[in-house]
Amino acid sequence: MRGAKLLQGNEACVEGAIAAGLRFFAGYPITPSTEIAELCSLRLPQVGGKFIQMEDEIASMGAICGASLAGLKSMTATSGPGFSLKQENIGFAIATEIPCVVVNVQRVGPSTGMPTSPAQGDVMQVRWGTHGDHEMVALCPSSVSEVYTLAIEAFNIAEQLRIPVVLLMDEIVGHLREKVDLPEPSSLVVRDRAKPAKAPGQYKPYEVDKDDPAAVPPLAPFGEGYRFHVTGLSHAEDGFPTNSVEVAGRQIERINLKVTSRAKELAKVEELYMDDAEIYVFAYGGTARSAKKAVKEARAQGIRAALIRDITIWPFNEDILLRIKGRSPKAVIVPEMNMGQLVLPVKRVMGDACPVIPLNRVGGGFIEPDDILDAIREAK
Amino acid sequence: MRKEYRLAGEGGQGLITAAIILAAAAAEHTDLNAIQTQSYGPESRGGASRADVILSDEDIDYPEVKTPDVLLVMAQEACDKYGPSLAAGGTLIVDTTYVETLPAVEATVVKYPVSQRAKELGREIVANIVALGLLVGVTGAVPPEAALAAVLARVPKGTEELNKKAFQAGLDAAKEVA
Amino acid sequence: MAQESPWEITLNSKLCKKCNLCVAFCPRKVLEGAGSPIIKDPANCTGCLMCEMHCPDFAITVRRRDAK
Amino acid sequence: MALDYEKYLRVGKLPHIWCPGCGHGIVTQAIIRAIDEVGLDTEKTVIVSGIGCSSRASGYMNFDTLHTTHGRAIPFATGIKMANPDLKVILISGDGDAAAIGGNHLIHAARRNVDITAICFNNNIYGMTSGQYSPLTPMGSYASTAPYGMVERSFDLCDLVSGAGGTFVGRSTTYHARHLTNVIKEALTHKGFSFVDALSQCPTYYGRRNKMRTALDMMNWFKDRSVPVSSWDKMSAEERADKFPIGVLRKLEAPELTEVYAKLIERAREGGRA
Amino acid sequence: MRGAKLLQGNEACVEGAIAAGLRFFAGYPITPSTEIAELCSLRLPQVGGKFIQMEDEIASMGAICGASLAGLKSMTATSGPGFSLKQENIGFAIATEIPCVVVNVQRVGPSTGMPTSPAQGDVMQVRWGTHGDHEMVALCPSSVSEVYTLAIEAFNIAEQLRIPVVLLMDEIVGHLREKVDLPEPSSLVVRDRAKPAKAPGQYKPYEVDKDDPAAVPPLAPFGEGYRFHVTGLSHAEDGFPTNSVEVAGRQIERINLKVTSRAKELAKVEELYMDDAEIYVFAYGGTARSAKKAVKEARAQGIRAALIRDITIWPFNEDILLRIKGRSPKAVIVPEMNMGQLVLPVKRVMGDACPVIPLNRVGGGFIEPDDILDAIREAK
Amino acid sequence: MALDYEKYLRVGKLPHIWCPGCGHGIVTQAIIRAIDEVGLDTEKTVIVSGIGCSSRASGYMNFDTLHTTHGRAIPFATGIKMANPDLKVILISGDGDAAAIGGNHLIHAARRNVDITAICFNNNIYGMTSGQYSPLTPMGSYASTAPYGMVERSFDLCDLVSGAGGTFVGRSTTYHARHLTNVIKEALTHKGFSFVDALSQCPTYYGRRNKMRTALDMMNWFKDRSVPVSSWDKMSAEERADKFPIGVLRKLEAPELTEVYAKLIERAREGGRA
Amino acid sequence: MRKEYRLAGEGGQGLITAAIILAAAAAEHTDLNAIQTQSYGPESRGGASRADVILSDEDIDYPEVKTPDVLLVMAQEACDKYGPSLAAGGTLIVDTTYVETLPAVEATVVKYPVSQRAKELGREIVANIVALGLLVGVTGAVPPEAALAAVLARVPKGTEELNKKAFQAGLDAAKEVA
Amino acid sequence: MAQESPWEITLNSKLCKKCNLCVAFCPRKVLEGAGSPIIKDPANCTGCLMCEMHCPDFAITVRRRDAK
């Protein structure tokens, strides 16, 4: 897989994941994510990995949790309806701290919607879809080559933080075929979960580190003599259920802190023309491609526009906005293929500093560069 | 320079494959950037379907084809549906085996009985590769060698010779109709 | 010349997808064709409905001429 | 006699989205023909379907029609039937819809014996999503997610529904269109949950990958493998290998859910034990 | 059921729902909502209604959609894990505009969490839990008598707007037994869905009213000759699937507009001591009881504190905050039994007007009046 | 000989949360006794359970243990087994967990013949949530959501798993603790999916409501109704009424999923057909 | 005035019922506001369990009982667990049938063999109602008639007489121990 | 006086929940009791393990004295 290649976004996802060490995939077909499952069924056995098509998305999510506990890097892929179904078991992975990657290739919702048309309607669901308090990490690629690198990144984060990470694609990026230059395997940074250094008797799978409340306890694989307990009930450090408000509360806080305390490290963003900008376009995913074109166009027309392309959409990247908040921005434009979702935290962070202008389209239509350019011109 | 190509016809004519080969030829054998997209879903089952390619020596930000510079049509319905999208001054390549009525467009029109030619070569199934040769020949989208290499890398084993012939037939036709 | 059959065979070409299952299932070789089926030998038709019932597209129907 | 398509179909929505030669049109026709011959009231009949090529049938049928979520048609249908037991509820589902994601609802409907007629358009593949394996894909055959051949065993849907307590189980194929219609008619007149395993062909995504080039090849495969249940019962295990029975495979009487519930309401209104 | 009564919150939910016309309940037991199912199984047949325990929560949600289409007012009840499972079919109800009521009695999450301990961790999930763009209406009672009235209100809104409405309780309110004075049946306002005036041939179940883009099309019951089609695919006015971006987009906008355009009518809030306040406590559900006590206490100590008890938590009540934003507030304190959820839109609306102070507790512990009082004192 | 509880149980977590007389402790003991007698390696054995009183068993058992979400234990177990086929995977589930919300996973595991031993602690009620009916609650009996008596028919779990293609199906009861242990032993040594319907008593929520005041009453009910499968096979339909067979009801050979998959990997690595 | 009551014992002693009756007596037969809560879940299965009641002539905002004014204990474990929660100056009512060791509390202590008395009346199962009578008698939480009416409305049919006796026995005991 | 049995019966009172199933299942009436079971007649014990195997609480065990 070296050298320049024409790859589909969904293919790049599989190749990136395998490069990151993916060895178990469980899924259930759904447009526009199906190619990921199909390619996994072909490619995984070639590298000694395993593929299974489960009876539904709930089972797929359960299976990857099980496989991850047994020590394999695991992934599932789906789209809106399936992503809704996975929510309960995503919550289980969060609560029990099972590393895994969940791909959602977004299509138009709600409900069955338009299976083959692009949308970005699941952005808030990714953050809040499962019940109870939790944080989420979600990465949002804009190009095929970025799908590849973010698939690797998703695994690295999942394994290091013992969390499910969502690779949030959209139909545009998933189905696009694009030229990509895959990095040399030796140049890739691939991280594995920490295994316990302690002996089985001493091992606490949910240990709270007194010096570092955001520390991630190591995870022993099943079958290596640790004989520990994993439960979705609120549990103590040893993994067994607790009814103590303090103990349970501390664990909930810890699993949130794992993410929130690392928000800065996790934040990935592409910035363009930021130095002297007045008007900012804040975009992500497929829409960011239109935004980039629009911003370039605006610059060509002498307008001081900038692009903030958000990559790590969760945890929400407050820093970059706080930075521009201090520079008397004229406006922040947020184009989204939805009714206005990520614009909400943008507004929250921007406060009363400047107008935050949502630019929305639903029904499966692209947001065109010209739409964004018009908004930039208007905001000027 | 960004150049947009649209290959339109019916499901089963292999135009998606042709578009992928065109894009792969550029991506894997030239310095051009390449993007390929297509219509999916109910829209693509039966009726007119399309596959698009964008080639450019710059970054390709916006990935959709709105007004193709080159439009290949291999079915009447597809011609009727996508004909109007052709950019003014563009090139319309017509498989006259299946397309009779042409839209009123301001374009260079290239006509050739692509599918008929494929049948003569032995199997109509290679009409897409004949069309690709024709398109490459007419537009110079990519060097013919690049396209041929991409063809051979992507067709089923055992069909290389036939596809090679088909591609050459398309190239030859380009000279013929030019 | 063959006698006219009491059965009227109607082919709706807007719906027909040319699968030729009707042709294959007609026990009397009334129908023929590789693309759109042709009603070649209507007189032979016995009204058995095999064509109609095996048409996936609601495209061929067989009706008694005298029925209203 | 030719069926009155105008009465039972939304002819304005035709041609349908199915591929040339797809068996789903044949099964759909068998259903409306059965409805016609049984004489159901089109205004009191509701068609409920899941998601899949097969489940698109509801959109073409001129009744109150409900195209639900993938695999969940049965719960919706159960709600409808409980809410208004005067309605005849017919369920249309694919093998993926009914037996993969929807398997649980299928067995529970069979257990409850709720008066719904469920017809599974069984093409042993996921058609709508382009040919992934289903729980009905035979071991060894190819699918887009079984590029090395299917490694999982497949269900026998009739056994499954019987094992769940189903009171009516039938099977037929698109090859046997008239027989299929008859089996559906018997299902429609059964009181309780009735299930019909209607073997259908997907030439596009199953046939081509598995050396059956045409719809007709696939239907001939049905012909060659099927055995009327009367003969089946007399066959030895060896004779049965690679074959399957068609006809009404199981029919028994048991209390129907909404009838039992109607009695419960009577008791409750009279202040019976709670 | 007249006169003063000691009722449990979950009981009041059932009695209110029946008073509003509930005639079909499908559910699956889960603590702390189970009493709702149990009481429905007893009470519904007494009024000619129907109860069914389905095989899971997904099926329960499907069943109430079906029953509602067949003409009965329908409800289901659950808690976190079940609420996650219902999300896909909640989206179906939204997309196809099926009136129904979904009760979520919150417990500690994520995952199985603490089934018998209170939390408010599903507040954002209620809003964003299903995939694709959608609005939600959610009502949040603080007392047993309010459970009763809001159950009725939930049905009225559901039937009038053709939407699923969430009655978002918490374990405190669900399990509490409290004195309630039930209103006279004759005093209740009970609304039913509009039935079509048009003949079957003319009926469009998803008609767009050109004069009133937020109008709610009437809903014919199945079995009355309308013979219409309902699908979760993006559909046109006639209910049949469409691939048109414009048609699909217009429908998605319309179903959102049904709610957003009525945000003011829907907004319900209890205000206490607002006139001269400097410090506001913004609270809801069980926590609002502590907040009320704290605010009273603060007043007793001469602090100008006020309580905003949010009842309609979705659509978010921006107006009340915009009102106080203009009065140079000193602070808004938002106590929640979660890690900070409704505080996010509060911050968004308050902008840079004043500090918005989250006060959070997780792990099943109550937020005590004293905790809030301390926060008020500190903010002073 | 007395079982070494220290070896198999997390004795520090005892006493367990189960009510006095609850059958779940008896079944749990039968499992560890069977493990002991079969000689499984405690470090290579994983216990996976769902949610319910029964599913709490995993927390007391000294292995790698996984207490999953309600009804979903089987998919987790399938993932574990696929990922590491060297592990012995034992599944513990209640009747609600296995057959209500988890019914689909049960039938698919049976179909796939994945090498997992699943034991259903079947007390025909939802114990954990205080006594709502389950799909195993007999018609007519009372439950907190069946105040007028159960109106739905119930599953026969052994029939269900057999209908789904299960290759090993057994049943026993807490009354027959030794027999139960033996059936579990046979299940543990079966290659493929093995299912044991372990009848257990919930005196708290099922017994009391249904005129069986004590745990012993309920166990005696098991004694009176159960028939060894050898006798069962010779009984007439009338004789069978109100009775059920215990023992190994079904055992057949079929390819096991992870073994077939291992061969697929070999083929794929050799560049076999794809 | 807000007054908080806690009834603590073992599962099966019927203390939740007693608490509900106490709250219902106030809610349905007096002008007082009433709230009843209890421990649920694993905590309540086996081991010590509790049921709480708050009565007040004002609105009851905060619904939890932290430091009950009145604590009834009917089991040693419950006494050990909840004894310390009793408000200073409160009343501790002890079923001496099961509770031997008392905590060191600054409170009025009322001792009576409640369960023993119930057994004497015929069935220990009515110990909760004896306790209720005792509590009402000792504290005057609600008028005895109100409590009795609530008892009769909530006990199983056929047991009214026994429960009436049990309640009266508790009331009588209150005078005795006062 | 009864001979000492080779079987040692151990009751763990911390675990016993007094269900008395052990008593009911002992075929030799070794055990007795309505609340906590009492080992009344240990000599009668045959080590059949019926008590142990029917104890839901892992509270009663029967072991050969000579076993280590």
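Order of writing sets the chain letters: A, B, C, D, E, F, G and H. Residues in each chain are counted from 1.
Please note the rule applied: a contact is a pair of C-beta atoms (placed from the backbone, for glycine too) under 8 Å apart; a residue touches a chain by one contact, two chains touch by 3 or more.
Remember, it's a predicted structure, so these values are computed and weren't measured experimentally.
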Please find the path from subunit B to subunit H through touching chains that uses the fewest steps, and give that number. 3
Test of understanding: which option in A-D, A-F or D-E shares over half of the contact pairs of E-F, residue numbers taken as the match? A-D
When I count C-beta pairs in contact, which pair ends up with more: E-F or A-E? A-E
For subunit C and subunit G, what's the span in angstrom between their mean Cα positions? 86
Could you grab the centroid distance between subunit A and subunit D? Build each centroid from C-alpha atoms only and quote it in angstrom. 39
How many Å are there between the centre of subunit C and the centre of subunit E, using C-alpha atoms for each centre? 59
Multi-chain contacts in subunit G: which residues touch at least two other chains? 41-43, 46
Of all residues in subunit F, the ones touching two or more other chains: 15, 19, 51, 69, 100-101, 103-104, 108, 135, 147-148, 261, 264, 267-268, 274
Shared-interface residues of subunit E (touching two or more other chains) are 31, 42, 45, 55-56, 58, 81, 88, 92, 111-112, 114, 117, 231-233, 241, 243
Interfacial residue positions of subunit A with respect to subunit B in the complex: 3-6, 31-32, 114-117, 172, 175-179, 286, 289-290, 292-293, 296, 366, 368-369
Subunit F contacts subunit H in the complex at 1-3, 5, 9, 11, 14-16, 18-26, 29-30, 33, 174, 177-178, 181, 215-216, 219
Subunit A-facing residues of subunit E, complex: 58, 80-81, 83-85, 87-88, 91-92, 94-96, 106, 108-114, 117, 119, 121-122, 124-125, 127-134, 231-234, 243-253, 256, 338-339, 341, 344-345, 347-348, 351-353, 361-365
Seen from subunit G, its contact residues with subunit E in the complex are 20, 23-24, 26-28, 32-44, 60-64
Complex contact set, residues of subunit D against subunit E: 10, 13, 42-44, 46, 48, 51, 58-59, 62-69, 72, 74-84, 86-87, 104-105, 108, 261, 264-265, 267-269, 274
